[in-house]
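Given below, in the form of structure tokens, are the structures.
Two complexes, one shared chain (chain A), two partners (chain B, chain C).
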Partner chain A sequence: MTLDEVTPRIRTFIAESFLDGDPKGELTESTPLLEWEVLNSMNSALLLNFLREELRVEVPLASINAANFRDITSISKLVSGLTAVPAEGA
Partner chain B sequence: MDFELSPLQRERYAGINAAVAERFAEHETCTDPELVRLAWKDAASIGLTGMCLPEEHGGAGLGALDTALGLEAFGRSCSDMGLVFGVAAHLLSCAVPVWEFGTDAARELLAGMAAGDVIAGNAMTEDEAGSDVGRIRTTAKGSGDAYVLEGEKSFVSNAPIADVFVTYAVTDPAAGFLGISAFAVPRELDGVVVGPPLPKMGLNGCLAARVRFEDCVVPARYRLGAEGSGGAIFQHSMAWERGCLFAGYLGLMERQLAECVGRTTRRRQFGRKIAGFQAVSHRIARMRQRLESARLLLYRACWLLDQGRTDVGAIAMAKTAVSEAAVANSLDAMQLFGASGYLADAGIEEQLRDCLPTTVFSGTTEIQLELIAREAGL
Partner chain C sequence: MTLHQLVIEAAARRPDAQAVSGPSGSFTYAELDAAADAIAARLGRQGVRRGDRVVLWAGKSPATVAAMQAVLRLGAAYVPVDGSSPVARVAAIARDCAARVVVTNNARIPRISAELGEEAGYEGLDGPYDPAPPVDTATTDSDLAYILYTSGSTGTPKGVCLTHGNARAFVDWAHDVLAPGEDDRFANHAPFAFDLSVLDLYVAFRAGASVHLIPPELSFAPMQLVEFLHLRQISVWYSVPSALAVMMRHGGLLDRPAPESLHTVLFAGEPFPIAQLRDLAAWTGARMMNLYGPTETNVCTYHEVTKADLDRDRPVPIGVAAGGDRVWAVRGDGGVAAAGEEGELVADGPTVMAGYWGHPPQSGPYRTGDLVRVLPDGSFDYLGRRDQMVKIRGHRVELAEVESVLENHADVAEAAAVAVGEGVDTRLVAFVSPESGRDLGVLALRQYLTQRLPRYMVADEVRILSPLPRNGNGKIDRPVLEARAGGAGTSSS
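This part shows the complex of A and B:
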């Protein structure tokens, strides 16, 4: 998956799931998600689940760190760089 | 799809069940630290303290589902649920992260942990950080060779008898949940202060205490994983705990169900067995249904873990189903036993006290329901 494909999907997921749809359009690709506590313990678990189940990308535990999850840009780069998990039956 | 356990799994379950029944036939819940340690050695002699650790570290190399089956057998035949809980917490929330993320030096602890000689306690919760673990205030400052830990953990199961604590502290305050690092802290280090046993309502065979780290210098070799990966390590260990530990409660429910069937077929009122009253038999039917449906969810969650899939929703559903079934079934058992269930001798009131905290520890029911709902797109 390319960065262009991944970024809007992650952005939509974060806006819809954690920011009530982001009605004021405040979420940007550089919004500091950790500093602003958008990614707390529960939301980070849900985001990882979304990446695994919807984008078919398993993020290795060693890559779950502040540098990779700082903002939408860094998450998207991480995800597009990881090998997609093959779809079931493939 | 195959719902049957394999012959090997059935054999292993039966073997552990028989060994636990033999070793713990006379065992009663005890709170004397020396006696608790002896009970741990008995559990270790059956292999219960190291089931999922690799053989090279003294374990049996079992996966999540097989570990769950072992703990189910433990809960089936040992009425001291505090012991079952303590051993499971030691294995799943402490030994697993040390094995999976520890340095070679930290992994040297594992052989003792598998043998039940080195007992571990998981120290995450703080006064101001329960469900919201990202709010912990314990800090770990430094880098290079050592960290200085400062802070207090408010509820650490096994603490009074523990030799090592798997704990979590903030290393990067700006990074929130991903600014937390994990450590295995040997109790013998200066600055580890364990409080007196906390009085509690149940799971009395598992002693718990507060643990304070006062200027506690922890060598960097005891850090688990990279700096900042403590949050993810904690979640990973909770996936193991929410899956496997709760299997012990499946065992308890099965034992309790058998006791209820025995009691209601022996007890006569109005000239007949009380099991002959539909209000009684249907109560038992519901207990059985809750047990079996919770068991399916738990086995599936563990099976997914064995496939390398930490499915948040599946694990949360299993944890919620088992804990709510355990509480509901224990209330039903009290009702079925009448006044004798309320007296300590029958062991039914102890089961209720041991089941009540299941909806709180390892992540409360409300948090699990939140995860299930949000994962469903709400």
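This part shows the complex of A and C:
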């Protein structure tokens, strides 16, 4: 998946699941999600589950760190990087 | 005997054995001992003396564990505050307990010193650790060992004061019950500011075993926790049931055979849903125990899970007295509850706290606020809370504290927090009604909360709702809010 495909899906998931739909449109790609506890322990688990179930991305242990989950931009980069490798035979 | 003797003795007995490992490195017992003395020397130069308090504002690392030992070796008490806690809260806690020094990573000193000024000294946690002479200040059972700050119903956190005697009564009891060996590998899931971590660290040290720190950012990352359990060959696991539940549900825990190393699974902090416990018991032959106790009592009851327990239709009992304590239930009319009756659980004995910081000492039995039923064998079933305290992934949260922080916001007219869902699915949702003419954003409110509350108290969701619903008595209608938040209210824990 490309960055352009991944970013809006992650943005929508976060707005719908954790921000009551983000009624005032405050969420941006650089909103500090960890710092403001949008991605707290519970919500991070839900996001990882979304990435696995909906985007079919397994995030390796070593990639789960503050730098990769700081904001939508960094999560999207991580996810598009993890899906960049073509599947076998593709 | 004092708490810090455990590391001193293990270092003399097994200097080259691994003591503590974290994401960024590990210490043998000799290294932990040397780092503790080095940090003690630094703190001594800052004027830390027996009877003082030292705030530790740091993430989980072997160095933080060394700093705890350093503080104890000086006869002082450590006050652990999560590395992720906002600086304003760290300062409030340091002020409340009149900390002599705040220890933190070197890079953070400017932030805390800007907030707290000259009310405390500041010491860097980072190495290298210069060799220093051994420090072992004469300390008694009644000296404070650590203060754990918990959510307070009045809107401000409360410092629970535990002495060396309190901690040792619990650690020695747990060591006797678990009988760990030198080769055991303890997982440390709980944050250091959470009392579950006392067992992981000090029972491991008493056995000369090793403890493996799980960094907070992984603490509810399901696949990563499962990976950690296997890779680190953990033999003793202790966590809130929520962590095990996410590992089972989202981490594929049950899809692989249980690691051969795992022989003991301990849980505490909230009821373990029985269906999930059944699944866990079918997966591992490990011994399983439910430990119960508010921070104020360490662990005051325990129950070893039996095969027969798994046929229950409710969580396993919290069990019988632990740690040399006496526990009983008091009925509404003040009498002691007999078998089959309900009452508030009361604990008295060596593990019960010295008191809250800044309040008169605890004298006599501690009333837990937890409702229990007395079972025919004299053990206890947990039923719920008498007040508005809820448990969010094992952490206790006073809804009033969250509400009072929100209502201090200039643009907020009123706020109500509710907890919905059960067990691992419990979510803290805050509803906020703005002052008329004010425009509130949910992200702006989250930012505001994170600057004032520890992570686990920041609501999972903040919603704007004006006005808040009222019942016939004019009070905020919590059941309506719970329904709006997506489910029936939690029965708490």
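Quick notes
We adopt the following convention: the second predicted complex is superposed on the first by the 82 of 90 C-alpha atoms of A that agree within 3 Å, B and C clash if a C-alpha of one lies under 4 Å from a C-alpha of the other, contacts with A are read in each partner's own complex, and residues count from 1 in each chain.
Criterion: contacts are C-beta pairs under 8 Å (C-beta built on N, C-alpha and C of every residue); 3 or more make two chains touch, one makes a residue touch a chain.
Owing to the predicted nature of the structure, the values given are computational and were not obtained by experimental measurement.
Applying the stated contact rule after C-alpha superposition, one finds that A:31 touches chain C and leaves chain B untouched. When the two structures are aligned on the shared chain, A:41 is found in touch with chain B and with chain C.
More residues of chain A lie in touch with C than with the remaining chain of the pair chain B and chain C.
In the overlay built on the shared chain, the residue A:65 is in contact with chain B and with chain C. In the superposition on chain A, contact is made by A:20 with chain C only, not with chain B.
Under the contact criterion defined above, the residues of chain A that touch both chain B in one complex and chain C in the other are 35, 37, 40-42, 44-45, 48-49, 52, 58, 61, 64-66, 69.
Of all the residues in chain C, the ones that touch chain A in their complex are 216-224, 227-228, 246, 250, 393, 427, 439, 441-444, 446-447, 449-450, 455-456, 458, 460-464. If you check the complex, the residues on chain A that touch chain C are 18-20, 22-24, 26-27, 31, 35-38, 40-45, 48-49, 52, 58-59, 61, 64-66, 69. Taken in their complex, chain A has these residues touching chain B: 17, 34-35, 37, 39-42, 44-46, 48-49, 52-53, 58, 61-62, 64-66, 69.
Touching chain A in their complex are the following residues of chain B: 101, 132-134, 172, 174-179, 225-226, 228-229, 231-236, 308-313, 367, 370-371, 374-375.
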